[in-house]
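The data blocks that follow each hold one structure.
Below are two complexes that have subunit A in common, paired first with subunit B and then with subunit C.
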Partner chain A sequence: MKRLIFKFRYYLFILPGLIFLGVFTYYPIIWATDLSFKRWNLLCPKPKFVGLENYIKLIHNDVFWLVLKNTAIFVTVSIFPTMFFAMVLAILIDERMKGRVYYIYSIFYPTLIPMAAAAMLWVYIYSPNLGILNILLAKIGLPKLGWLGSSKTSLWALIIMTFWKNLGFFMLIYLAGLQNISKDLYEAAYLDGAGWWKRHYKITFPLLGPTTLFVFITAIILTFRVFDQINLMTEGGPGNSSNVIVYYIFENGFKFIDMGIASALTTILVGVLLILVLIIFGIFGKRITYEME
Partner chain B sequence: MASVKLKNVWKRFGKLEAVKNFTLDVEDKEFVVLVGPSGCGKSTTLRMIAGLEEITEGTIEIGGKIVNKIPPKDRDIAMVFQNYALYPHMNVFKNMAFGLMLRKFPRSEIEKRVKEAAEILGITELLNRKPRELSGGQRQRVAVGRAIVRKPAVFLFDEPLSNLDAKLRVQMRGELLKLHHQLQTTVIYVTHDQIEAMTMGSKIVIMNSGNIMQVGNPIDVYDYPQNKFVAGFIGSPPMNFMDVELVKEDSKLIIRSAAFSFPVPIELVPKYEKYSGGRFIMGIRPENIYDIEFLKEYSKEYVMDVNVELTEPIGSVVYIQFQLGNNSFIAQVDSHTKAKRGKKIPLYFEMSKVHLFESDPPHKSIG
Partner chain C sequence: MKERKYEILLKSLTLHIVSFIMILPFVWLVSTALKSPEEVFTQHLTLLPKKFMWSNFPAIMKAAPFDIYLLNTVIVCAGILAIQLILVIPAAYAFARLNFPGKGFTFILFVIQIMLPLEAIIIPNYLIAKALGLLNTRIGLILPFVASGFGTFQLRQTFKQIPASLEDAARIDGAGHFRFIWYVLIPLSKPTIITFSLISIATHWNDYFWPLIITEVDRVRTLTIGLGMFLQQESGSDWTLLMAATLYVCLPIIVLFLILQRTFIKSFLTSGIKG
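Right, the complex of A and B next:
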């Protein structure tokens, strides 16, 4: 026994973390996958194995496809502008000394405040009659919009709000990434005759590769799992127009009390995320240059 | 090819004066070394020549043209940085070609120039490697190569060897000198290492806290330091210093200190006579203090017994540390010396080689 412990002594150091991961991550994943093959709802209070029934039900459900479409729109439309503006803002802030902290704080501030507070704030901003957005639209002579109350705009309103909330976080990560790029490189490029655009296009952009990969994957996972603002601002409505996968899981599990369907959805979500991350790593992981030393 | 002229150049960062009234002529094809302790303004001066720092006051001319307002890329200069500043995501070829590509040189010309430079530096087989796959010395060569391909009128080096290990540094020192002979270009080289300065520069500029302390060829600067700073900075181990006064006793001129009283050598009397009665700082280099055992003849009046505190054999010679008054002295003596720690040993002071400096700053040399 003593010899065994000695042999595996290094693993003892990661044991606490491993226990947490096991109990709160790996076990639920396995359990959910198992449940996704079972019927377990109000009519069938004891889990019963039904094979692929839950998945087949979902495939024939229009709401499921709408939710998938909404999620895809939400993820793609919010990720790329967030990444782009986070990088550009980080570069602009990194280059200036004066008022630097002020800019960082003001852009990072939305990330700091609780989602509940941010949601309430944006409910007011989007309010059809009193909200500042519609007042502004009226001022420049444009028709008012329904924002959260209209099935045409609700998803987009949430995307804008999420962009505002996440921008600062990703900008901060980009700022940290920029600190790793030696200032000498810019001076060398400047002497080589590179202007502002060329310096960033030829040096900053490629050397931010590892940061961008990290931001990209984090952003995908964060936006796939979006829930709080949907629950607080639209509850997926109106008419499922702003319903996304995690909220749909919550609805199925805790509103309709159908754990089988909820588990099938969870399994799909985990699978999709896993495949996406693997693809991204496969494509970009090896091509990215890490700074020396 | 070009000369570089700095006229009354100042650099201020807010209230801090980094470079003060700097005037220097660098002739065409000259190898000039700016040397001084950290924070003396040498790198700032170089960066102003390169165009990386704005000039607060004064003018800089390159090839007869005032460049104060000319951007770096049009100054016909190339710079080698201390950490090489190689682009980590580009291979060696691209690193060297980057500047030419930005200047829209034709592809064939770029290839020709990079290959030429790679051959001169012996890095032809490395052209496809990334910087992280290179050793320190190889990176250094690539950084130099990047400067060469541009065929600039002036090369600027900012402490290019300080990241290399001691052996490689000596080797690269020689290679850079050979390169200078081969390319026949003006070089301005910044270092804090006085040995680098002495061995490489055809002219060296010693700086301290933003001021030029002395300009001259290495041997002149070594033999005739114009002030105590230069005397102490150039030479290793550094010159020994001692507070002394010049007095006349029985019509003999004497250098007297807390620890000794030596007559001024006859040949120096005319030079120092007029300073009789004054207080000075005396400087004597370690190699001008001898172990008498290895001298065939010497004058007994310049011999003094000292307590050896430490002996440092470095092979070719031995450094003996001892205390004179409140000052620590180092003597550089024959490697076969019998000096032992804690024992007394008689040393001969070659007083004809001493330097006297004013006791008030800036401690100018008096002769």
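Right, the complex of A and C next:
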């Protein structure tokens, strides 16, 4: 017994963290999976086992599929342009010493302000009559757009706003990554006659690989969890046109008070996220463990 | 490396245009926050208000208890960071420098948490907070965020890079685990700890979803929730007051970063959030 305690004595260092992980991350996942097989809503105030009923209901619900489609659009359309522009801007800033802090701050500050505040600001920017966008459109003689109020544009308006909000964060991570690349490499390539594009294509892109992986994972997490701007700017509307998975979970759980359906959605989302983890570790596992050692 | 003239011009032009577009919304926010409602209604795009309406700020304080929201936000951010550091540093130390059975598996439990944000598991977390009596309490706003997989991962990377010879020297001098952490690891890992702390403060200053779910009274509400309530209350009728409130919510965090900007950018770029 004593030897067993001795063997596990170092758990004292990680136990406090593990307990909180257990209470607020892993136990909730188990609980949600359990609840996803139960009916628990206003009509059925006590959880009752119903097997796959919640999942079957979701599959036959058009809104569920629309939400999945919106989430897929939101995730892919925000991630790749943000990553590309962040990397290019970081390279440009890294090469320019003059005015560097000014560029960094004017691109990075949206990351610092709360999403709720950014949402408020953009509701104003998109506002049909007093918003700066429509005033500018009218000035150059183009028709005004509905932005948040139209089911055709609402999701895209949110994507643009999220791009503005996240760009600087990824730019800064890329800038940090660039500091690890020796400037001698560029000097050598320059002497060999390589132009700007070629230098970055052959040196920067490959050497930023680990940074790009980190940015990619962070971007996925950031976009899958979008909620604040949706809740404050469109409430998923009009007509669910900007409804995404986390907002849909919130709607089912706290507006329709259907914890069974909300739990089934949670289980699906967690499943997707865990599969993504497996894929990322599967493809990049070697590289990640190499980085970790 | 010599750059051609047009290359330099093209690069700084690109950066200037991008910076201008990015900063424009904020300029407009400040400008509107200081205008009168009548001036906003004219739809003229003037940068400087005709008359500076400093009274917009006392007006929002009267409309909603923004001072209580501010106090709550500061308490919650400080509480989260303090407990995070207490939990993260020993765990990162154990994962970086000690050997014990199940080390790999428990480390993966910490890392996977990075991929499972609270937003995704909001329903069961709400039920747990309810069961533990954490609804409408500040401690309830703090506890779900104190275990940080991200922080544990980052600090472990940094702790691993500290040479073993320093550890041997400390051991010979009779330092135990905690003395070694306190006198050697923490001072040597300052840039990473500062970066992590600033990211933590910025993240939790911005928290919206969790406080929205578990707070129902002004007494415990934070700034972001107060702002959201204010929007509903005003329902977009008076943009000057809404923008003044938005500015009030943004300013503390922006000022904090401006004061610490050198430390921040330096620690970020040197400690590096590396892939």
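Keep this in mind: the second predicted complex is superposed on the first by the 278 of 293 C-alpha atoms of A that agree within 3 Å, B and C clash if a C-alpha of one lies under 4 Å from a C-alpha of the other, contacts with A are read in each partner's own complex, and residues count from 1 in each chain.
Convention: contacts are C-beta pairs under 8 Å (C-beta built on N, C-alpha and C of every residue); 3 or more make two chains touch, one makes a residue touch a chain.
Source: prediction; values computed, not measured.
Once chain A of one complex is fitted onto chain A of the other, the partner contacts of A:203 are limited to subunit B, with no touch recorded for subunit C.
Once the two complexes are laid over each other on the shared chain, residue contacts for A:185 go to subunit B alone; subunit C is not touched. Residue contacts after overlaying the shared chain place A:194 against subunit B, while subunit C stays out of touching range. Judged by the touch definition given at the top, the superposed model places A:123 against subunit C, while subunit B stays out of reach.
Subunit A has more of its residues touched by C than by the other of subunit B and subunit C. According to the touch criterion, the shared surface of subunit A, contacted by subunit B in one complex and subunit C in the other, consists of residues 187, 190, 209, 291-293. Those residues of subunit B that touch subunit A in the complex are listed here as 50-52, 72-73, 77-79, 81-83, 85, 87-89, 98-99, 102-103, 130-132, 146. Residues of subunit A touching subunit C in their complex: 7-14, 16-18, 20-21, 23-29, 31-32, 35, 89, 92-93, 95-96, 98-99, 101-107, 109-117, 120-125, 127, 129-130, 132, 135-136, 164, 167-168, 172-173, 175-177, 179-180, 186-187, 190, 196, 209-215, 217, 221, 224-225, 227-228, 231-232, 246, 249-250, 253-254, 259, 262-263, 266, 269-270, 273-274, 276-277, 291-293.
Residues 1, 7, 11-12, 14-15, 18-20, 22-23, 25-26, 28-29, 32, 40-41, 43, 45, 86-88, 90-91, 93-95, 98-101, 106, 109-110, 112-128, 143-144, 146-147, 149, 152, 157, 160, 177, 202, 205-206, 208-209, 212-213, 223-225, 227-228, 231, 236, 239, 242-243, 245-246, 249-250, 253-254, 257, 261, 265, 268-270, 272-275 of subunit C are the ones touching subunit A in the complex. Contact residues on subunit A toward subunit B in their complex (touch as defined above): 182, 184-185, 187-194, 198, 202-203, 206-207, 209, 289-293.
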